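A quick write-up on the structure given underneath.
Chain lettering (A, B, C and D) follows the sequence in which the chains are written, and residue indices restart at 1 in each chain.
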Amino acid sequence: MTFLLELLGATLRNATPLVYGTIGETYSERAGVLNLGIEGTMYAGAFFGFAAAAITGSRTAGLLAAIAVGLAAGALMGLLTVTIGTNQHVAGIGTTLGLIGISEYVNRLWFGSGQGLSRIEPYPPWEPLGPNNVFSQYGLTYVAFFLLAPLAWWVLARTHFGLNLRAVGENPEAADSAGVNVARTRYAALMIGGALMAVGGAFFTLAALGSFTLDIIAGRGWVCIALVIFGRWRVWRGVAAALLFAAVYALQLRLRILEEFQAIPFELLLALPYLVVIAALVISGRNVAYPGAYLKPYRRE
Amino acid sequence: VDVTNTTEAAGDDTISVFGAYATQIEEPWDGVIHSALEAEQTAGRITYEFTDDIGYAGDMERVLTEVAQENQPDIIFGDAFGNEEAVRRVAAQFPEIAFVFGSGGGPADPNFSVFDNWIHEPAYLAGMLAGGLSESGVIGVVGGYPVPEVNRITNAFVAGAQEVNPEVEVKVTFLNSWFDPAAAKEAALAQIAEGADVLYAERFGVIEAAAENGLLAFGNMSDQKELGPESVVSSVVWDMAPTVKYVIDQVMAGSYTAQDLKDFSMMGKGGASLAEVNADVANGVPQELIDQVTAKEEAIRTGNFRVPINEAQPAGAIVPTE
Amino acid sequence: MSIWRRRLWLAAGVLILTFLVTVPFLLMAGVNPFAAYARFLFVPLTSRFGLLEVGVASIPLLFTGAAVALAFRAGYWNIGAEGQLLLGAIAAAGIGARVDGLASPLALTLVLAGGALAGAVWALVPALLRVRYDIDEVVTTLLLNPVALLVVEGLLNGPWRDPVTRFPESPRIAASAEMPVLIPGSRLHLGFLIGLVIIAGLGFVISRTRAGLELKAVGLSPVAARFAGINVARTLVAAALISGAIAGLGGAGEVAGIQYRLTGGLSAGFGYTGIVVATLGALRMGGVALVALLLGDLTVGASSASRALGIPSQAGDIVAAAVLLVTVAMVAINRYGLRQNRTAP
Amino acid sequence: MSEPDGATSVLVELRAVTKRYGSLIANNGVDLSLRAGEVHGILGENGAGKTTLMRILYGLTRPDQGQVLVDGESVTIRSPRDAIGAGIGMVAQHFSLVTPMTVAENLTLGRPQGLLIDLEAARAKVDEAADRFGIRVRADARVADLSVGEQQRVEILKALAGDCRVLILDEPTAVLVPQEVSGLFATLRRLTAAGLAVAFISHKLSEVLDVTQRVTVLRRGKVVGTVATADTDERQLATMMVGRPAAPAESAARSPGDTALRVTALDALGRQGLAALKGVSFSVAKGEILGIAGVSGNGQSELAEVLSGMRLPTAGSIEIDGRNIAGFNPRRMMAAGIGRIAEDRYAAVVPDLSVAYNLVLEHLDEFRRGALLDETRIRANADEMISRFGIVSGPDDPVRKLSGGNLQKVLLARVLSRNPKVLMVSQPTRGLDVGATEYVRGEIVAQAQRGAGIVLISEDLDELLALSDRLVVFYEGRVVGELAAAGADPEQLGLLMARGSAA
C-alpha cells in the first residue's frame, strides 16, 4: 500500500512536464499544426526560465520568462507554418534545433563553462498533508492536474475560442467562410501551446532541480508527440496517457533496485514505458482520424 | 618533440595546447580537463584553444586531423572514450604532437598518453562515510552509464561502505545518459522510497533529491557542497591539474613520452581527493568516523592500503552476502 | 533559363537571410560573421580533405534521407529510421565479428545484408500494426527509437561488452568485413557509392516502374489506389520494410565504414535528420542527395568554424537551424507567395 | 427583353467585375444586381465563371477590377467575415462544414463571439428556421452523420444564422433528390417572401424556370443577358448559354439478352456499422440499363461500393457468367468484368497524378514491360483517350486541374476502353453542364447497345427515367419495387422512394 501510494506520488510528479507538453501539443495539433518544435520549446523554457530566475532572483520572473519564450517559439512556428506555409516537419525540427542551440549558446556565454552548476532556490513542494505522501508535490503539479487540465478541456469544449480552434484544425475553409480568422486562431493555438510546453520545461529548472544542465529535456518532448496521438487529441486522454507513461517509468525505477528483479537487464526495464504505451495503443484499438487539416497549410485560393 | 619549432612557442616560454572534447565542456568529466587547462593558461604557461561536442558519430577523426594540420598545437588533450580507434589512428599520423587522452586502453608510442579519472580512492573513503552515516543501512548510487570508470568508483564506494558497515545494502541505478538530472533525481527518489538515506551522486540531480528529503549525499568530480549545503557530506574530487602540469612540463623540457598517466589522477599525486567533510550536515558527522576515514586516507597515501579496482558492472541491488 | 535564374535568386536569398538571422549570435560571440560563414559553408569545399569529409558526413544521411523519403512517398510516416539504423548497426557488428576468414566481398555482403534485414525487421511490427489494426505508425516508430537504443546499450553492457577494455563497445569486426575506402588516404568509403546507387535506383523505381507508380498512388490517395485495384496494405508494408532496410543499411555502413564496432553513440540522430533531409529534398531522390550533401557540408563547416574561430560549438546548430528554416520558408514563399493567408483585419 | 418592375430595392450590385487567372478571364466586366424578394438564377456552362463571381461576392476571391455595392454603397469585401457583416451568406458547391462537429456547433462557429459557446441560441435558431422556413435538421446531430440534403440545410441555416439578406446557392440541387428539391424550392419561396434575395446557380433549366424571377446567363466570363423568367423559356436560355438549343437525350431501342449480372440476397453494413443492404436481389441482362432509384441514404452508395469491391458484403452472392464474385477485391472485381464509375469522382482518381497515369491505373498490368512502365504505350493510350472522349487537357496535366466534366470523361475513358461486361455507374452526371451531361449519357447508352449490362445509380429521376429500361427502388436497404421505366408514373415512383410503398 505504501509502495503504491509512493508510486502514485512519483507518477504525478513525473507526469507533470508531460502534461504541460501534451496539452500544449494537443492545442497546436487540434488547430491543424504538428509542432515538432516541442522538444526545443521545452528546452528553451527550461533554460530561459532558469536564466531569468537566476538573474533577477525571482522564480516568478523565471516562470514569466519561460512563458514569454514559449509564446515566441509558438509565434515562430506560426510564422513558418501559418503565414509562410512551410513543411511542418522541417519547421518543427528546425525550431527545435535552433532553440536548443540558442539555449546552450547563451548558457555558455552567461553562465560560463566552468565546473559546477549555477543554482537558484527552486519552488519548494507544497505539502498540505505533511511531507512524503501523495500530496507532497510542486505547485506546478497541482496546477497541471487541478487547473490546467480541466481548464484546457473547458476552453476547447466550451468556449468560442476552443470551437474556432477545433474548426480551423478540422476544416479551415469552413471556418474561414464562417468568418473565423484562421491565421489568427492558429497563431493563438501555437502560442498558447508553446507557452505550456515551455512551462513544462521550466518545471525542471524552477521546481524539480533548481539548476540547468544540458540535455535537460532528454527526449520528453518527443514522447509528448506520441502521447498526443495516443490520447487521440483529447485533453483528458492525453493526460491519462502521460500518467500511464509516468507510472511505468516510476515503476521501473523502483523495480530495478529490488533484489527480485536482478535477473532482468535494466535496459529492458528502461524500455518498458515505451513498450507499454505501444501495447496500450494496440489494446485500446484503432486510431480515430487525425485532425482534418493536420499538416496542411491553409491558403485561401 | 621539438618544442621550439611551433610558431606560438617561438618567441616566449609558452606552448600551445588544444582541447578536443567529445561532449560539451559543461559535462563534468571534460569540464575537469578544461578547467585544469584554463588554469594553466591563466598562469601564462600555455596558450589554450578548444573545441567541444564532437560526439561519437564519426566526427572525432576529422576534427583531430584538422586540429593537427591547421592549429598544429604542441599538445592535444581530450577524451577518447567511444572514439578510441579513431583517436589513436590520428595520433599515429602526427607523432610530433603530444596526444593526451582519457582512455580505457594503454599508451601508444611515440606520442599517445592516456589518463582516466582514477578517483576510486576518494570514492572508497566516501563510501566509508556513507556506511557509517546511514541509519537505515541502505545507501544509493546513481550513475550515468555502467562504463569501467563509473563501475570502478561505484564498486570502490560500495567496498568502503561495506568496510564500515558489513550489513549495508546498496541500490545502484544507471541512467543510460550522461545528462538527465531529472531522471537522476527520480532514480534517487526511488532509492529513497526503498529506504536509502545516504546517496552518492555520480551525476547531477541526486543531491537535490537528498536535500529535499533532508538526507545525506556525496558529490562527484568537484566539491558540490553548494548544491546542498546541509546535505552534501563530502565530494569525490577529480583534479586534472597534476596531470596537465606534468605533461606540459615534459613537453616544455622536450622529454615527453607516451605513458599511462593514471598515477597523476590518484590521491598520491593530488589528482584525486575527498573534499573537506562538511560538518554542517544534519546531525553532523561523528568524530570517530572522520578519524577512521582520515586514517584510511593516510594509509592510501602512504601506500599501505590499496583500494581494490573492480570494473565489473554492479548490480542494481547489492545485499550483504552471508 | 528563367527557372535556373529563379533558383539562383532563391539560393542567394536563403544565404543572405540566414546570414542576417544569425548575425546577432555570431556578434555576441565576438567573431566576424563573414569569416564564420566562410567557414560554415565554403571552407570545407576548398580542400580535398574537406570535400572528402563532406562526403563522409553525408553518408548516413543519404541512407536515412532516402529511407524516410521512400516511406513518406507512400504516405507511411516512418519516424523510426533512427531505430532501424541502430538495428542495422547491431546486425552488422554481430555478423562482422564472426566472418573472420571469409573473403572480403562475401563478408561485406553478409554484413550489409544483415544490416538491411535487421532494419526491415525493426520496421515490420509498426507496419503490420498499421495495416492490420490501423495503429498509428508515428507513435509506434517514434517510441521504438529509444527502445532500439536500449537494445544497443543492453548488448554493449551485457554480452557484447569489449572483454579487453571493458568499455561498452562490441568487439572489432573482422578486417574482411570493413568497407573499402574509395579514395586512398581518405575515409570516404564504399557506403557513399552504395548510398548514391540506392538513391538513383529508388529514383528510377519510383519514376519508371509499376511498383513506383503504385507507391505514389497509395501515398497521394490511398482510397483511389484501392479503388483502382492496388493492394494498399501490401504497398505500405513493402514501403515500410524497404525504408527500414535502407536505414538499417545506413547503420551497417557506419559500423563497417567508420566505427568498425557497435557503439552507443554511433548515430548523431541520423534517423531524425533523415526526416529533414527527406522533407527538405521534397521527397525526391535528387533532392535527398543534394540536401544530404548540404548537411554534410554544414556538419564539417560547423565544427571547423567553432574550432578555427573559437565560437561555441552550438553556433553550428544555430546556423544549421537557420539554414533549414530559411530554406523551407523561401521555397514556400517562392512557390505560393506570401499573401495567400492575409485575412481581413 | 423587358425586366420586371425596377421599383423593388436592389440589395447587392456587382459592377464591371473582372477576375483573371493568369491569361484566363474568369469574369469579364460582369454586372449583376440582386433584388429583395427575388430568386435570381445564374446560368452558364461549366467554366463560364458563375462560381468565381459568387466567390467574389462572398469575399473568398478578390476581383481584379470592379465594384461591389451593398444597399447602393460601394463596399470592399475582403473576407467572408466582411460578407457576413454586409448581410451576404453563401452555400458553396462543396460544403464547408466541419463534419466531426454537431449542427449546433457549426452554426455557432464564427458568430459574434462571446467567451462561451451558446449552443442554446443555435438550437433556438434551428427551431425558428423550422417554423419560419420549413428547414428541418437535428441540432445535436454530428454533421458527418447527416445526408447530403441535410448537410445542405445546415449550410442554409448557417447563412441565415448570420442574418443574411442575400443568400447565394451554388448548384444546390446537384446533390438533391426530387423530394428534397421541391423542399428546397419551398424554402426559397418563403425566404424571398421574407424579403431576402437569393442567387441560384443550376445547370437544370427546368429548375431555373420553376423557381427564379430573373435569370442572368454567363458565357466565357461575360454576361450574355439578364431576362425575366416569365418572359423566357428553356430553348432561349439554352441558346443564350451555348449558342445553340440543347438536344434531348434519346434512348434508342435495345434488345436485352442473357443475364449479365445477378445479385442475390445481398447484405452489407454501412459506414456506421449498421445494416445498409438487406437481402437485395436483382439481375441485369446484357444490353439492359437497370436504374436504381431511391432517396439518398437508402443503400445505393453501399451497393455501389460493394459492386466496386470497396466494401465487403456480409451475405449474398454477386454472379457474373455464373461465377460468384462477392467478396472480391477491386482488382478481381474488374478482372471479372465489372467497370465502375464511382459517385465520388475525386476518390476514384489520384488527383496529383497525371491524366495519362490515371487512365491506366486500373490495369497497369497491360502497360508495363517487365517491372518497368511502358511509357510509350501509356502516352499513346492517353492521346487516344483524350481525342476519343474529347477530354480537354494534356496527358501530363494532373487530374486535380480538370473540371468535373473532364474528370468524368477521364473516368469513363478508363472504364469504357476495357469494354466491361457489366458497368456500374453512380451519379454519372452530377454537377455536369448540359453538354457534358448529354455526352456522358450517350456513352452509357452506347455501352448498353454494345451489350453490357448496366447498373445505373442516380438521384436524378429524369435521368433514370430517360435512360433506364427497368427500375428497382431502394428503401432502407431493401428493394421495394421493380417497374419498367417506360410509362412509369413519377408520382408513384416518388412515393415508393419516399415511403417504401406506393400506397
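A few remarks follow.
The rule is simple: a residue touches a chain if its C-beta (ideal position, glycine included) is under 8 Å from a C-beta of that chain, and two chains touch if they have at least 3 such contacts.
For clarity, every value in this text was computed on a predicted model and none was experimentally measured.
Contact with chain A and chain B alike is made by C.
Of all the chains, the one whose CA centre sits at the greatest distance from that of chain C is D. Look at where the CA atoms of chain B average out and do the same for chain C: the two points lie 35 Å apart.
Averaging Cα coordinates per chain places chain C and chain D 46 Å apart.
Chain centres here are Cα means. That of chain A falls 45 Å from that of chain D. Put simply, the C-alpha centre of chain A and that of chain C have 27 angstrom between them.
Shared contact sites, meaning residues of chain B that touch two or more other chains, fall at 24, 176. Among all residues of chain C, those that touch two or more other chains are 150, 153, 157, 314, 343-344. Those residues of chain A in touch with two or more other chains are numbered 104, 108, 176, 181, 267, 270, 300-301.
All chain pairs that touch, listed by label, are A-B, A-C, A-D, B-C, C-D.
Contact residues of chain D toward chain A in the complex are 58, 60-61, 79-81, 84, 90, 92, 95-101, 105-106, 108-111, 113-117, 158, 162.
The part of chain A that touches chain D in the complex is made up of residues 158-164, 166-167, 170-171, 173-181, 289, 292, 300-301. The residues of chain B lying in touch with chain C in their complex are 24, 49, 51-59, 61-63, 65-67, 69-71, 81-82, 84-85, 104-105, 145-148, 151, 176, 311, 313.
For chain A in complex with chain B, the touching residues are 3, 6, 10, 13-14, 17, 104, 107-108, 113-117, 119, 122, 125, 131-132, 204, 208-211, 213-216, 218, 249-250, 253-254, 256-259, 261-262, 266-267, 270. Interface residues of chain C, counted against chain A in their complex, comprise 25, 28-29, 129, 133-136, 138-140, 142-144, 146-147, 150-151, 153-154, 157-158, 272, 275-276, 279-280, 312, 314-318, 320-322, 324-325, 328-329, 331-333, 336, 338, 340-341, 343-344.
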